[in-house]
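The structure follows.
For clarity, chains are labelled A, B, C, D and E in written order, and residue numbers in each chain start from 1.
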Amino acid sequence: MTDAPVTPVLQARRLVKRYGHVTALDGADFDLLPGEVLAVIGDNGAGKSSLIKALTGALQPDSGEILLDGEPVRFRDPLHAREHGIETVYQDLAVAASLDIASNMFLGREVRRPGLLGKVFRLLDHKRMREESARHMAELKIGLRSLTQPVESLSGGQRQGVAVARAVAWARHVVVMDEPTAALGVKESGQVLDMIRRVRERGLPVILISHNMPHVFEIADRIHIQRLGRRVGVIKPGDHEMAEVVAIMTGALQLDQGTGSTVAGRS
Amino acid sequence: MTDAPVTPVLQARRLVKRYGHVTALDGADFDLLPGEVLAVIGDNGAGKSSLIKALTGALQPDSGEILLDGEPVRFRDPLHAREHGIETVYQDLAVAASLDIASNMFLGREVRRPGLLGKVFRLLDHKRMREESARHMAELKIGLRSLTQPVESLSGGQRQGVAVARAVAWARHVVVMDEPTAALGVKESGQVLDMIRRVRERGLPVILISHNMPHVFEIADRIHIQRLGRRVGVIKPGDHEMAEVVAIMTGALQLDQGTGSTVAGRS
Amino acid sequence: MTSALSTPPAPARTGAPSAARRLLTTPTMGPLVALLLACAFFSLNTDQFLTGGNFSLVIQQVMVVGTLAIGQTLIILTAGIDLANGAIMAFGGIVMAKLAADGAVPPLLAIALGILVCAAFGALNGLLVTSIPLPPFIVTLGMLNVVFALTHIYSADQTVANLPAPLTALGETFAIGGTLVTYGSLLTILLFLLFAYLLGQTAWGRHVYALGNSSEVARLTGIRTRRLTVGVYTTAGLVYGIAALLLVSRTGVGDPQAGQTDNLDSITAVVLGGTSLFGGRGLVLGTLLGALIVGVFRNGLQLMGVSSIYQTLITGVLVILAVTVDQLSRRRIR
Amino acid sequence: MTSALSTPPAPARTGAPSAARRLLTTPTMGPLVALLLACAFFSLNTDQFLTGGNFSLVIQQVMVVGTLAIGQTLIILTAGIDLANGAIMAFGGIVMAKLAADGAVPPLLAIALGILVCAAFGALNGLLVTSIPLPPFIVTLGMLNVVFALTHIYSADQTVANLPAPLTALGETFAIGGTLVTYGSLLTILLFLLFAYLLGQTAWGRHVYALGNSSEVARLTGIRTRRLTVGVYTTAGLVYGIAALLLVSRTGVGDPQAGQTDNLDSITAVVLGGTSLFGGRGLVLGTLLGALIVGVFRNGLQLMGVSSIYQTLITGVLVILAVTVDQLSRRRIR
Amino acid sequence: GGGGTGASGPSAAGGGSGQVKVGLITKTETNPFFVKMKEGAEAAAKASGVELLTAAGKFDGDNAGQVTAVENMVAAGVKGILITPSDSKAIVPALRKARSAGVMVIALDSPTEPQDATDALFATDNLKAGELIGQYAKAAMAGKPTKIATLDLAPGVAVGKLRHDGFLKGYGIAEGDPSIVCSQDTGGDQAKGQTAMENCLQKAPDINVVYTINEPAALGAYTALKAKGREKDVLIVSVDGGCTGTKAVQSGQIAATSQQYPLKMAEEGVKAVLTFAKSGTKASGYTDTGATLVSDKPVTGVESKDTAFGLQNCWG
């Protein structure tokens, strides 16, 4: 099923991560193909966030292997992954509460003024950063009454929007989004899905974690199903019913990876 | 449309709340009828959370009036609302990070040992609280590998589950949930909707804020549409198409409250 | 489903199968290891260290700061801090000593009044902290100056001696297996146990932790955070009053100069004991270990004849080492 | 869409239409009001207060603590704290004084070495804080003892006098409209402006605030939090080195006893200036105001002839009042 | 009251290791005066083959720290303790316990209250030291109208009060006299002394006599005066006679100082403990280690020595 003649952009083999006696990843495999939108679904606690954290340098797996474009890599930290063009929206909203939207959009990649002011005096180009942020936020159509207020005073959805806009704006290789629409309104969610499509059009693959099955079926090229810390299957939305996929996810059905057909599972 | 011969359980008239120069509530009205599930929908930043915070004592409106069973009330703080049987799941997860699940479930309502140990020595009945918590959590079918770990080590969805289970377990008058399923998996979301139904069966009204239109249409008796800090309409799911409701919510259509029909709006 | 990864403030589960694991994962493990290492070191390096009498002495020496650190623990658990505790204790001590020495007031009443005064200052701190609200650091810093001044004004800078028996009773000793222990040491240990119980086994304790995790969460959960905070500061003040009595009974005088570095010393004990300065995480028995670590270092180095400036140097290094051991032991468990 | 509700660390927008609103909502408003109130009070109550000479004096008196408080602000913005800054400064001062007085080393080199030593201790603090990681409170508490001891050992407790001119040059004065101002005062003001610029107008400043908001968020956003933290502590150490030079030039000697209460005093200035002890929120110019508030109180009360114990009492009350004004002014704006 | 004897652990007399141990507890480890005292004790200890243990309070006035040090030294088995009490009354019960455990206790520098709480006292007469500089200042001003600033120690520390009172006595005025225009605490610290003097000058620019608790405070005052160009016409008097201070007297920065002899206090103390260890005879009573007025501008009616003498006998 997952076989393709192309080299996966991002791959993981048998990742294991334990917290005390809780095993978050229990030998998880993972493949992301070029240009695809790969949805990762699974129950709460299935290890989806742990998986993508391991893939993006935010946590170090206890064992297992990660390959980028077929080459083994070990991301020391999120910055390292970022330097490889991988941008991530983490589930726990990586925004700095007391900074404003523009500062958050450009955090770690600030733009300095041209000329001496920037080179020698390292003066930030606030105006440009604010304008570009406004543009990116407008693309997402998140209604914001002020761009200069600290993000801590934004609504949960607005804050989420900032993180999504940032990832999309900067990605050069892979975009990873951990439940990006969880806090978003209908309109804003639609915008995020549009954005994901546009990212795909740019040729970049996207990893999307979501509990929203209609969204997943609407946008995903393939669906990675995570259960109890493992990948229990990868399917194409067209080949399966939504109800069937949910059943696999919860363990009610089992997927035979050879044939792609499902058999009754042990719950 | 909102007219009914019965006294609303909870009502608000022309609530206003400003943060600096941001107006979160701009004269919002609100009615909750006995025994109903009332969904509150609206874009990000529409003032949904501000509205229910004002209704449950978590914030003090700058002006406007709140009525409980037809009588004017002013909740000093969330405890005061709670004493009137109103339980709330706030959007920003009101759980104490370093305490375990049982402690969170019973926070503020701890059970003491029977007899002298409890009365004089104020000894907590950990066993009973843990057992009851396990029961409530099991009802929600949130998969938890340990009940005694601090909630900060739970996944976002698991944490959300704790807050929902707590509200449902304790409510005596009204249950308020601000995006309770936002972080939940498919199975877990289904459980929450089931729970809401069961609460309604107990005769308690439920206020549900959600961005998930299928959920809203599946469970709500009426839908309160919030836009730019105001209620722009209340509809019954049966009377309107989902797309139409979304259009009202985003301002593309306007609802004529007299007839219940929609007219093209100014966006 | 109810397995046993223990949480910092989780209650002891009697008879639970995982007692060993629980012990290993308790946050007091680090301080305990640090303390035992220090004891082992000093036992090997001096003859006088490993004796009942010397241990009794160390406990006497840390009981005042240790008791102050109980109150400090409560306040730090709520994400506050108290810089005024030593000053409040000094004032309480002077009040009880002056009232009793002048003979104007029966000794027991004098003690009660002294403790009450401390509780009142604690309450005042709590009211100020919750009023606007104001940051605890700055409230107690201001209060430190105020109470310090009041102490000197009230005492006219005179040390008060010749105290009646009840004020020094806690300095009397009784024997446990040949080792003489003061009643004050016993009282201190009992206070630690009492607060371990209150924090771990009562609703009040849960609320203190919840408040420290996030006062907004606590408020939304329906905890009366203002009342709770004032209560915590008042209780801490009460404990400082008991520390005042311990101090008076230990030194036999009312001393207006007392307690001046005890604020930082008590915070040190709390932090060495593994309690987070950000609130919501920690155990009062860790604080006892923290206080003992400092006391053991000072005593052991003195017994080894290390000169005082080198004592200071070594104590500095050891404080950092002790907390390193603590952090490492936690990481291993995670 | 780009209206102007200002954020604490937001940069100044030159020529923005909402300058008035921006001023009103800036978190330095509270300290400023408190300072102006204090100045008004003392001007009305003593003749000598409102003179250029007296203001110049107040600045001289607060410049050492003020400069230390710049470093303290940086560290507190990262959600850390530094209890060792006064001790590090004292050591730096002794190093430069001894090296220069013995004549072994040219004065300018001696100054450079003294400042470097301070930066090195800052770096050591930063490395320890990020290593395990360890809590800044306890690292710097330990370091306080270590550096204190080193100062006394290295100086053999001798005050070093007869310093060559470069070491005292900052104590010289120049006239601004008839009022004599020391070069040291000027340097202090310039340092404040420099760090206001660095924190508000450079990427480094943004990162410091982000780190203070949440080091996990900063890490996930791709900031090298370890390197940044070590950098902040090292920079703070460097600033303490400059404070050491200011101290030496002010007193004209290298004094091993210097700086002992400056740790708490510098924290007081930071907190009075409206910076949050929890990190991520505050302005270094607020710290300048905080330092001035303390200096003005002390000076004004002295001029009014208030006896020192009552000065302590009143200072305590005023510290609480100042932060009350600050908090109230913020609340009004919200 | 009192806690009986046994509370402090092992009986001291049975020192065990053979070598006689003696403890020295100073007020702080930051004042050169006490450092010198420690050096004196170390030298004497080496000469007589006894082992010296040292400890100090954390600040001037830290009684609790000194109590702990006393207990630990008793536990370490010292034969005698030399102590400069930070709090003359508060230390008494702890010393009583030590003595009843068989340890000889000698106060250095500052007395206990009551004085017989220690076996003996080797100290400067601090009231006298203050009186000497008071008399000197009075004579030097020769009837000119005076405005006096007193730069004191800290509230509640006996030495500070004794010297201050002695100065007023020598000057022939009482507390509250209108000629005292400014009184400030300095903690005996140079930087704080400077700030205090600056503020005093701001308040009363015409101050012409400055009493200082010790020489660090005096030097701070001098720096402040110099900044105002007033160093020539203000008379500074002090107590201590340390080498830095005595040099300042020589160069005219300080007009006169009462010199004390910490080395002597320490040496005598160690010797006394050795004698006790050998013969069981305890030292007793008060030994005035002397205070000498040092000045290069002698005044009539007050006996003084010049700085040549001062530098020969100075400490630090």
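Here is the rule we use: a contact is a pair of C-beta atoms (placed from the backbone, for glycine too) under 8 Å apart; a residue touches a chain by one contact, two chains touch by 3 or more.
Molecules present, by chain and UniProt name: A, B = Fructose transport system ATP-binding protein.
A quick note: this is a predicted structure, and the numbers were derived from the prediction, not measured.
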If a chain touches subunit A and subunit C alike, it appears here: B, D
Most distant chain from subunit C by Cα centroid: A
From subunit B, the most remote chain by mean C-alpha position: E
Chain pair showing more contacts of the two, C-E and A-D: C-E
Interchain centroid distance [CA atoms averaged], subunit A/subunit E, Å: 71
Subunit B-subunit D separation of Cα centroids, rounded to whole Å: 48
Whole-Å gap separating subunit C and subunit D, where each centre is the average of the chain's CA atoms: 31
Distance from subunit E to subunit D - Cα centre to Cα centre, in angstrom: 34
Multi-partner residues of subunit D (each touching 2 or more other chains): 3, 5, 152, 309
Where subunit A touches two or more other chains at once, by residue number: 19, 21-22, 92, 144-146, 149, 153
Multi-chain contact residues (two or more partners), subunit E: 29, 155
Parts of subunit C lying in touch with subunit D, wherever the complex brings them together: 83, 128, 132-135, 137-139, 141-150, 152-153, 264, 267-268, 271-272, 276-278, 309-310, 312-313, 315-320, 323-324, 327-328, 331
Subunit C residues touching subunit E - in the complex, by the definition given at the top: 46-48, 51-54, 56-57, 60-61, 64, 152, 155, 157-161, 163-165, 167-169, 171-173, 180, 182, 247, 249-253, 255-262, 298-299, 302-303, 305, 307-309, 311-312
Residues of subunit C touching subunit B in the complex: 1-11, 13, 201-204, 206-207, 209-210, 212-214, 216-224, 280-281
Touching residues on subunit A, where the partner in the complex is subunit D: 58, 77-79, 82, 88, 90, 92-100, 103, 106-110, 112, 122-124, 126, 130, 134, 144-150, 153
Subunit E residues within the subunit D interface of the complex: 29-32, 35, 155, 182-185, 189-191, 194-196, 198-200, 202-203, 216, 219-220, 223, 227, 244, 247, 316
